[in-house]
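Some structures are shown below for you to check.
In what comes next, chain A is part of two complexes: it sits with chain B in the first one and with chain C in the second one.
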Partner chain A sequence: MWLETKKKIRITKQSVTTILYPVLFGVLVAVLWQTQVLHKMIGADTFTLPLPGRIFAIISDNAPEIMLNVRATVIVALGGLVLGSLLGYLLAILATMFPKWGVGGLTVVSAFNAIPIIAIAPILNNLTKDFSKDPNTRSMLAKMLVVMIMCTVSMSINAYRGFTELKPFSLDLMTSYAASKTTVFFKLRVPNSIPYMFTALRVSVPGSVISALVSEYFAEYIIGVGRQIRENIVLAQYATAWAYITVACAIGIILYVVLLIVEGILLKGRR
Partner chain B sequence: MDVAEKSETIYVKEMDDYKKMVEISVENLGVSFTDKEGGAPVVALQNINLEIMQGEFISLLGPSGCGKTTLLRTIADLQQPTSGKISVRGESPREIRSQKKYGIVFQNPVLYEWRTVRRNVCMPMEMMGIPKRDRTARVTKMLELVGLMEFGKKYPHELSGGMQQRVGIARALAIQPEILLMDEPFSALDEFTKEKLHEDLLRIWKKTNKTILFVTHNIQEAVFLSDRVVVLSPHPGRVSAVVDINLERPRDLSIKSSPEFNALVTKVRNSFEGV
Partner chain C sequence: MEKVKKALTSNKMVTFVWVLGLIGVWEIGATVIAQSKRTPENVLPHLYQILDSVFSDKLINSTQTALQVVLSNAGITLIRALIGFLIGIAIGFILAFFMSMFKLVEKTFFPYLMIIQMIPILGMAPIILAVTKNIDSSRIVIAAILTFYPVATNTLAGFKAVEKEKRELMYSISATNFQIYSKLMVPSCMPYFFTGLKIAAPMAITASILVDTLQGGGGLGTMLSQSLKHAMSIYVFWQIVFFSAIIGILSYYLMVVIEKLLSPYKRIKKAKKGVSVVGD
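So, the complex of A and B:
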């Protein structure tokens, strides 16, 4: 009982420090920003670095248009994330089934991680130009493919580890029950890979948002939060650009929080 | 029928009975591991001969490197022999394994952390395609047997090491195996938990009438539990003695201070070679 109480107190104390301190820091920055102390510190003016009040006013005034761009970005990010993660998981399954080729194959796949988004985005634009007559549709596909490539790698490598890094004797246990390879796969390897899947997603969820934003810069059709940041900077509408930057941050944070909640539910009971 | 013929018939009949009683027979078994760097193969076991009777509690005792775990794994068909032969009830270890007649308890509990205690015990029965209602009933019975009735809904990490190993025993017994193979199951536990589990294991053994093959490096443990102790010596792994433990059953912890117990411990200790 005493131990239990102590544990509860410790958790509370920990959550206070992990949530309260960053929030306090954020409030401090916002206050310095709004009072223009921040501008004096970094030598900026309110034209290039508009006040938070003005940024939020722009967001609320242009809510419908911003939401249209948010929708486009989220579709690209999530679509690419799902496609890439599924492809990565499939590659990991193949690598587990054929271990002789699998390990080498995954090394080749991981080389894709080294390709910068800026390099592949224009190439994919070019490759997908015959996909549809509608520029919005073919742009969407090109952007999604960029995100997909970024997400495939982390999922394939982590899922492969989840399939193969089994606890000692767990494979022997299955063998002692004369389990078939299929049974071993579904009863042991798949459940074992779930925490590894979340390790991959913790990297690829923020990665998918960033890839979506950057790939929009190079897309044929002008839509998306990332693209609006660029367009508004070109037009020297810094306040609007900052409004989209704020929205981009919010997308990333919200998707990450959703991931953490899903992880908390699915991995309940595991250590 | 004259007298000689009659006595021969009786002799043959006795031989048949004896053969029926033998559960596992190991003949001239040798196991070698090939060196990964291409050197000479390492001989883990050499010329092992052993007969294990039905319902017997037999221990394989020896220091590390004597091949006791290798012998258990070879009987379990998790390891292939280099020479010699093992037969279990007249069949090969592989046939016995595919009929799911082995229950194995490993050095660590090997519980799946994503399954509750109940579902861990249930796991091998799911694989055998036993209907759900029977599974549920049998899991309850098994948890009762190992004294974990209230812990069915817990996850493995919420249990102590001793309790986890009990779950492992319940899972091994759940498929109603003919033979229980235990590979140093209690070596990671503290002395108090270990003694409690020793008593529980003897109780479970008596209740279920299984043949138990128990691997250990602990002399006292082997003497306390077994009908016979097979003493293995290393380099190469070989049987250096088989000691009958004719202590009365049921046994409780008090026999550990008796002179007979200590005499047997000394006898077993003296039968090691080249350690």
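So, the complex of A and C:
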């Protein structure tokens, strides 16, 4: 009994330091920033690197406008993420059905991963010019397609692994039941692929935000958090640009946390 | 006959057919667009037109052909990407090393390593340019930041994956800390380290090109945006698109080759288990 309580205390002490150290470090950086010691260290001034207080003041002052841009970015990121993940999953299914040709296809697809977004975004901008009369709609589509391409790869490769890297003998067991291919697919392969899906999403959720921001740079219609960062810097309004950067970081973190929560709920007891 | 059949179904053949298929799709698209648009080369030119522009010796500005423009600017961009990449590797590896040596360092920095993966660093490129005020150093800084965290997280995972028994064995034969790291920890984390490099290499190049687009001067990105604005032949744009795609893919395979050269066959097998980190 006594031993057990002691162990518990030790665990809590462990977890306290786990939280305490990073928080202390964060506070240290914030203090250095606010007192402008950080500025001296990297040789910046308060004009290009405004104080945190000012950044948050700008965020709260411009809340409606910022929200408008956030909405545009989030729609692009999530839309592209959903489209890309569905397409990737579909490709993985095809690759599982036709292993010989499918795997070769996946190798080619994985090469897309190394292509810089900067090369893809302008092409898609040009391709979607005729899609709609409204520049907002068509640049939205172009941005979404960029995000889609970036998200397809990780989903297709991971889902394929989920379909094929089954537990030992489970496929033999299914065969011994004389299970049809469809049954094997839905009862064995699909459930097995779920954790792999989340592995893919952990890569592609932050990736989708990054691609959305960068594709905004090249888009025709000026909207979105990424574009605002750039526009404000061109206008030398660095404080506003920092406000948008803070917002962009918040989007990335919030989406990732949402993913972790969904994963925790769906994969309860599976990991 | 048997040989022909084998050659036809080999993996290389499959990849080759896929690439042919992609080229086919591109060409069909290009043909459709060539008939429906007034300036098809702005939207989707035929591949042979792009190839043609690569080998043409027509000057597109006062002194250079299209290919010379692309290559001379690629030099500027890639050298900066490489410097940033090397700095990033050094910082990432040293950080991972200290994190595995000292619990305090790991506890302090690990959460930030996780957070930095979630935030869009590329989106911060303009502000880093504003802070450093110099296009060259901001290219290096951003390439370094994008390189350091995949390297750090993967290397740390590699240090952690070393079996406890091995460390205990080293300890029992009274190996010093230096010996433990140089004989056991560092060699066995190499596959993970290279997983990090493979993720980071294309990212460093992307970052470098993106930073170029923000300001004049030289570099692939600058040429890309100038060409898009029709300040020079649009084929420069297409050449840069293909060039950056090829360089991105090559940078990945360069890491694979270096890994194979540096590590014996057995270690490579383990590399598949490295953690995945955000890539773009």
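Convention: the second predicted complex is superposed on the first by the 251 of 271 C-alpha atoms of A that agree within 3 Å, B and C clash if a C-alpha of one lies under 4 Å from a C-alpha of the other, contacts with A are read in each partner's own complex, and residues count from 1 in each chain.
What we mean here is this: contacts are C-beta pairs under 8 Å (C-beta built on N, C-alpha and C of every residue); 3 or more make two chains touch, one makes a residue touch a chain.
Values in this document were obtained by computation on a predicted structure and should not be read as measured data.
Taken together in the superposed arrangement on chain A, chain B and chain C fit without clashing.
Judged by the touch definition given at the top, the superposed model places A:T183 against chain B, while chain C stays out of reach. Of the two partner chains placed by superposition, only chain B is touched by A:D172; chain C is not. Of the two partner chains, neither chain B nor chain C is touched by A:M67.
Legend: residue contacts after superposition of the two complexes on their common chain; A:I194 is shown touching chain B, with no touch to chain C. Residue contacts after overlaying the shared chain place A:P22 against chain C, while chain B stays out of touching range.
In the superposition on chain A, A:V203 makes contact with chain C only, while chain B stays out of contact range.
Of the two partner chains placed by superposition, only chain C is touched by A:I123; chain B is not.
By the touch criterion stated above, A:R230 is placed in contact with chain C alone, chain B being left untouched.
Once the two structures are overlaid, the count of chain A residues touched is higher for C than for its counterpart among chain B and chain C.
Between chain B and chain C, the smallest C-alpha to C-alpha distance in the superposed model amounts to 13 Å. Applying the stated touch rule to the two superposed structures, the chain B and chain C interfaces on chain A have no residue in common.
Looking at the complex, you find that chain C touches chain A at residues 9, 11, 14-15, 17-19, 22, 42-44, 104, 107-112, 115, 117-124, 126-127, 129-131, 133, 202, 205-206, 209-210, 213-214, 221, 224, 228, 237, 240-242, 244-245, 248-249, 251-252, 276-280. Chain A makes touch with chain C in their complex at residues 17-18, 21-22, 24-26, 42, 44, 48-49, 100-101, 103-105, 107-108, 111, 113-119, 122-123, 126-127, 129, 150, 154, 199, 202-203, 206-207, 209-211, 213-214, 217, 225-226, 229-230, 233, 238, 241-242, 245, 248-249, 252-253, 255-256. Those residues of chain B that touch chain A in the shared complex are 73, 76, 78, 97-98, 100, 102, 104, 106-108, 110, 112-116, 123-124, 126-128, 155, 157, 175.
Those residues of chain A whose C-beta lies close enough to touch chain B in the complex are 167-170, 172-173, 175-179, 183, 187-188, 191-192, 194, 269-271.
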